[in-house]
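Paired with chain B in one complex and with chain C in the other, chain A is shared by the two complexes that follow.
The block that comes next holds the complex of A and B.
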């Protein structure tokens, strides 16, 4: 180990390698319910070249490598399950290009959401990217790798759909590019080439290390507004979502259901965010959205909450502070936020299952969804807060999570950014030839099984 | 619980039907048509007025005989199930604004200022104007007048007596205080207009903010530096229930050197701020009201727009400011004149 550490120090510099117990402790866990797993060391590369050298070295020593961005995935995917090193990408945080006409940015693999947001605000106020509601230190690469979604997902789909291409260090150390940047100097998209980006998305860092990515940008409107639709029957939600998305004017649509505060319990809300270049356009878009669900208003079974501008401001913050606030309801630093990607028509079923499971396990819950595309699917989430210092509380949250994942799979959904037990549940349901193909690809890419081992493996 | 106090005979003999003829939001061909509709309302039958009403409260002021036309209208809307807003909007707000049982006994001393359910405005009670004041606030003492906008007289009848009990039992009684200053028109309207019309007893003496300020300005006369500003006043719906206080505002403004410029939409012809129609899902009408209000303020060259209603201020404030007019609460304007 000492020899490996010395050689790593030669690659990245003394300051950026540590095998100290403090660091190993801190990097052993995330905020979620998965138990800690202590790495042997932590290394922070500063360039693609350094990543490549580190990976070659890891192959030489057959030491596992776990790529990590913000470490905020909450489902324990950045724990070193079989020891080895955590490859903390945060030093690779440069924004190397912004193309305002073709609307994309190229960033390094450790660039945080907050950094790109701040950079665009300062240098390209006419542009924005789709932010998740994760704390701003979350990285674009980490988020794209888990098929994240965010504030422009109705407009642009999953964040992996907004990916224009990547530079990746393979598990054997070669540097490849996917998308237009593999042929051209422009990072305009993935067409018309065979799409190799899929080899790295959804794989939980088991197929390579993303060192750069091109991500789509969108117009940042001068005016923005938000409507909150409310109804009481979860059965109405698929139709309401379908009508609202059919207008094709919303940027983001996030249903939410929560028993805290008490007044909100039992009500279905949908936050609908949209923007415009002028006030007239904004009003026009609002009218389209309102017209789409007029039938609900006429029957008096649904409508839009009246909200004066100062009240709205709270709901229009990006990222929203509400989830973070909820994460703290039980105190003690425990929070897990899992979701299942599923078809819109399962909304009521997903909601009922969530309430039933949370109440049975006596956990603090908040539920919601993010509509993706023009109602093409949704990420339905269950957030459970727990007190990490209270073993019973944590066990309850863990149980609720497992039951939630089982219920999601049962109704045809697929757990998102699946933690280990959920990965097993998915593998059980997956077409066997598909899982066999996954294994063959992985075997080809990573013959020494060094990349985030323990994930996507049948136990 | 008693029925709303009104005398059908007075309406039968009424020749002008001012309550409806002066309505700014519903048109009638002539007095005869207005009368027909009014009599339908009185008889508990369906009238288009019950559907079209913006719930601006103004007819309550227009009736020369204090025959409570608006309270009765709301009663009929509820009886006939004609909710002006979708059910979930109403039921969720009913829960949100319901008493939370968090109130605790507290010794208070005069002046006791009731800030209703709006803790974010308690900072307004400060300085010489409110020297020594005790502030009471929270959903457990919420005046509940807002339900007039949602055909929920039943909630008013149920909750207002509860709120009155809370005010007495948790604050005033043990401290031997008999007067309570209502910071908002809503509360004063509830305790001096709604309560008697609904047969609810009020065991304390409500004092309107304007009366309190007017009196304080006499005591603090030496400190006043006239502002010499033109102000547009956004008169709120609940002031329609207590029109006598509007004249007190004139006295206040005179004392602090602020000119209440004659707007098209002030006093009897004040226009709704646009907040409530949004709850009724009438956004296009709300847009129109906002635009009319703003243009009117600009036309008269106002530099300040003064509000006494926090909801009007929240609804219009940003738009007012974007148009170069300073939105301000009346108490803050007065404090400016006192050099605070």
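The block that comes next holds the complex of A and C.
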């Protein structure tokens, strides 16, 4: 190990390699409920070339490599399940290009969501990118690779749909590009080439290390607004979502259901964010949205929540620290959620299952969803808070998460950024030939099995 | 350990690493080292692990703890309002526990030993303390309205002495009645407290309070924002109650008494907020009021300013211990580069520590030909009719 460490130090510099117990401890876990797995060391590369050299070295020593961005996935995907090194990518945080006409940005693999947001605000205020609900230190590459979604997902789909191309260091050290940038100097999109980006998205870092990516940017409207539609019956939600998305004017739609505060308990809320270049356009869009669900208002079974401006501003803050504050509900610094990607029509079933599981396990919960595309699917989330200092409380949350994963799969959904037990549940339900294909791809790409081993493997 | 009951409540969401506009990393230690362990959240989790016997108090861990410059960005940005105010107290308590356990980085130990033995971190005798004022004709404090309190850097560091002389000269021109002490005083103790050596801080503070009280001091002007913080916010708890102001706060409201002239140039100035004037004491305007009043001068802001200002890396004793020195990633060098990006030719500072840190950083960065680091009073002096 000492020889490996010395050689790594020659690649990235002495300061950016550590096998000290403090780093090994902290990088052994994330903030969720998965148990720690201690890495042998942590390395922080500063360039694609350094990543490539590290990977080649890891092959030579047959040492596992676990790429890590913000480390905020919560489901333990960046734990070194079989030891080896954590590749903390956050030194690679440069924004290398913004193309305002073709509306894309090219960033390095450790660039944070917040940094790009700030950069665009200063240099290209007419543009924005889709921000996830994660804290701003989360990385763009990490979020794209887990098929994240965000505040422009009704408009543009999953963040992986907003990907134009990637630069990736393969598990054998070669540097490849996917999308237009593999042929052209422009990063305008994935078409018309064979879509190799799919080899790296949803794979939990088992197929390579993303060192650069191009993502789509969108117009940043001068005027923005938010409506909150409320109804009582979860069964109505698929129709409500369908009507609202059919207007094609919303940028983001996020249903939420929570027992606290008391006034919100038992109600289905949908935050609908939209924007416009002029006040007239904004009014027009608001009218379209309101008209689409007028029938519910007329029947007095749904309507729009009046909101004082400060409350509205709080809902419109992107990203909002309110979401991580859920971790303090039990004064215990922890929460984890199951985000199940599923069809819209399962909304009521998903909601009922969440309430039952939370009550059965006596856990503090919050539920919600993000509508993706024009109602093409949704990421339905079940968040459970726990007290990190109380092992029983953590175990309760873990149980609730496992039950939720099972319930989501049962109703036809698929757990998102699945933790290890959920990966097993998915593999069990997956068409055998599909899983066999995944294994063949991995075998081809990673003959020494060094990339984040333990994930997407049948135990 | 004090406040250990909140350690597990940190989610490690990372808001503490950034300014509120997310432009760049805003925690000096995390900027310098880049491992999660050096971030505020990392420290919270490591301290908890240590108290739970999951890790030991190693040399590395001590470096992680003492690299905190106590800049207060984490307190400002933490997403958890119910305990964010306690974050720096937690880190200070952690350092205190390391001191009790005898696990202290050598430079920290040397820093504290010199202060304990000599009353200042330079290891120089107290009688040399007022030498900065030689030939300025400043009277020892007796019954003047203000005591001008000069910190260790202003008293003993060559560059700090220049700044102390500059400030004193302007106070004289503004007709402010003030005197200085003759070396009876000792270090203000601010950074000793941030390091967690509370008993030594109290000893220093009590010595100063005794001197102030014997002399009948009621109002104090400080050269350094670090002194401002200690004297204003921590001395009252030990019986030292004075009206304390940083010199920029006094001068901002004395500009009318000073005659300013056109210089013939129109300098573009960017201002670096000192943590102990800004985030710790919420004054972002006094130095800017002075700079904006200078004929022809314009002030441009860095991306990170006021409550989002990026620390020079000198706080928490790091000015002396140099734990945060980290080649091109050191906070001072990062800040100097940020200042240069504004296009300003002057980087104004209002703290002797910031002045030394950023001057050194600008030199190492090769910026000295396009970015001059000047203290606010020095910039101001060039505009005074009799200056």
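Just so it is clear, the second predicted complex is superposed on the first by the 459 of 459 C-alpha atoms of A that agree within 3 Å, B and C clash if a C-alpha of one lies under 4 Å from a C-alpha of the other, contacts with A are read in each partner's own complex, and residues count from 1 in each chain.
FYI, a residue touches a chain if its C-beta (ideal position, glycine included) is under 8 Å from a C-beta of that chain, and two chains touch if they have at least 3 such contacts.
On a predicted model such as this, the values are computed, not experimentally measured, just so you know.
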{"item": "Chain C versus chain B on the shared chain A, clash or fit after superposition", "value": "fit"}
{"item": "Which superposed partner A:263 touches (first chain B, second chain C, both, neither)", "value": "first"}
{"item": "Partner chain(s) touched by A:90 [first = chain B, second = chain C, both, neither]", "value": "second"}
{"item": "Per-residue contact with chain A, leading partner among chain C and chain B", "value": "C"}
{"item": "Touching partner for A:297 - first (chain B), second (chain C), both, neither", "value": "first"}
{"item": "First (chain B), second (chain C), both or neither touched by A:82", "value": "neither"}
{"item": "Chain B versus chain C as contact partner of A:16, first or second or both or neither", "value": "second"}
{"item": "Contacts of A:287 with chain B and chain C, given as first, second, both or neither", "value": "first"}
{"item": "Partner chain(s) touched by A:309 [first = chain B, second = chain C, both, neither]", "value": "first"}
{"item": "Angle at chain A between chain B and chain C, C-alpha centres, nearest 10 degrees", "value": "70"}
{"item": "Which of chain B and chain C A:388 touches, first, second, both or neither", "value": "second"}
{"item": "Where chain B and chain C come nearest after superposition, their Cα distance in Å", "value": "17"}
{"item": "Residue ranges of chain B in contact with chain A within the complex", "value": "83, 85-89, 91-92, 95-96, 98, 275-276, 278-279, 281, 283-284, 287, 311, 314-315, 317-318"}
{"item": "Residues of chain A that touch chain B when the two form their complex", "value": "230-232, 261-265, 267, 283, 286-287, 290, 296-297, 300-311"}
{"item": "For the chain C and chain A complex, residues of the former touching the latter", "value": "8-15, 17-18, 21-24, 33-37, 42, 45-46, 49, 54-56, 58, 60-61, 64, 79-80, 82, 303, 326-327"}
{"item": "Complex interface listing, chain A residues touching chain C", "value": "15-16, 18, 20-23, 25-27, 31, 42, 44, 70-72, 88, 90-91, 112, 114-115, 117-119, 121-122, 135-138, 321, 324-325, 327-328, 331-335, 387-389"}
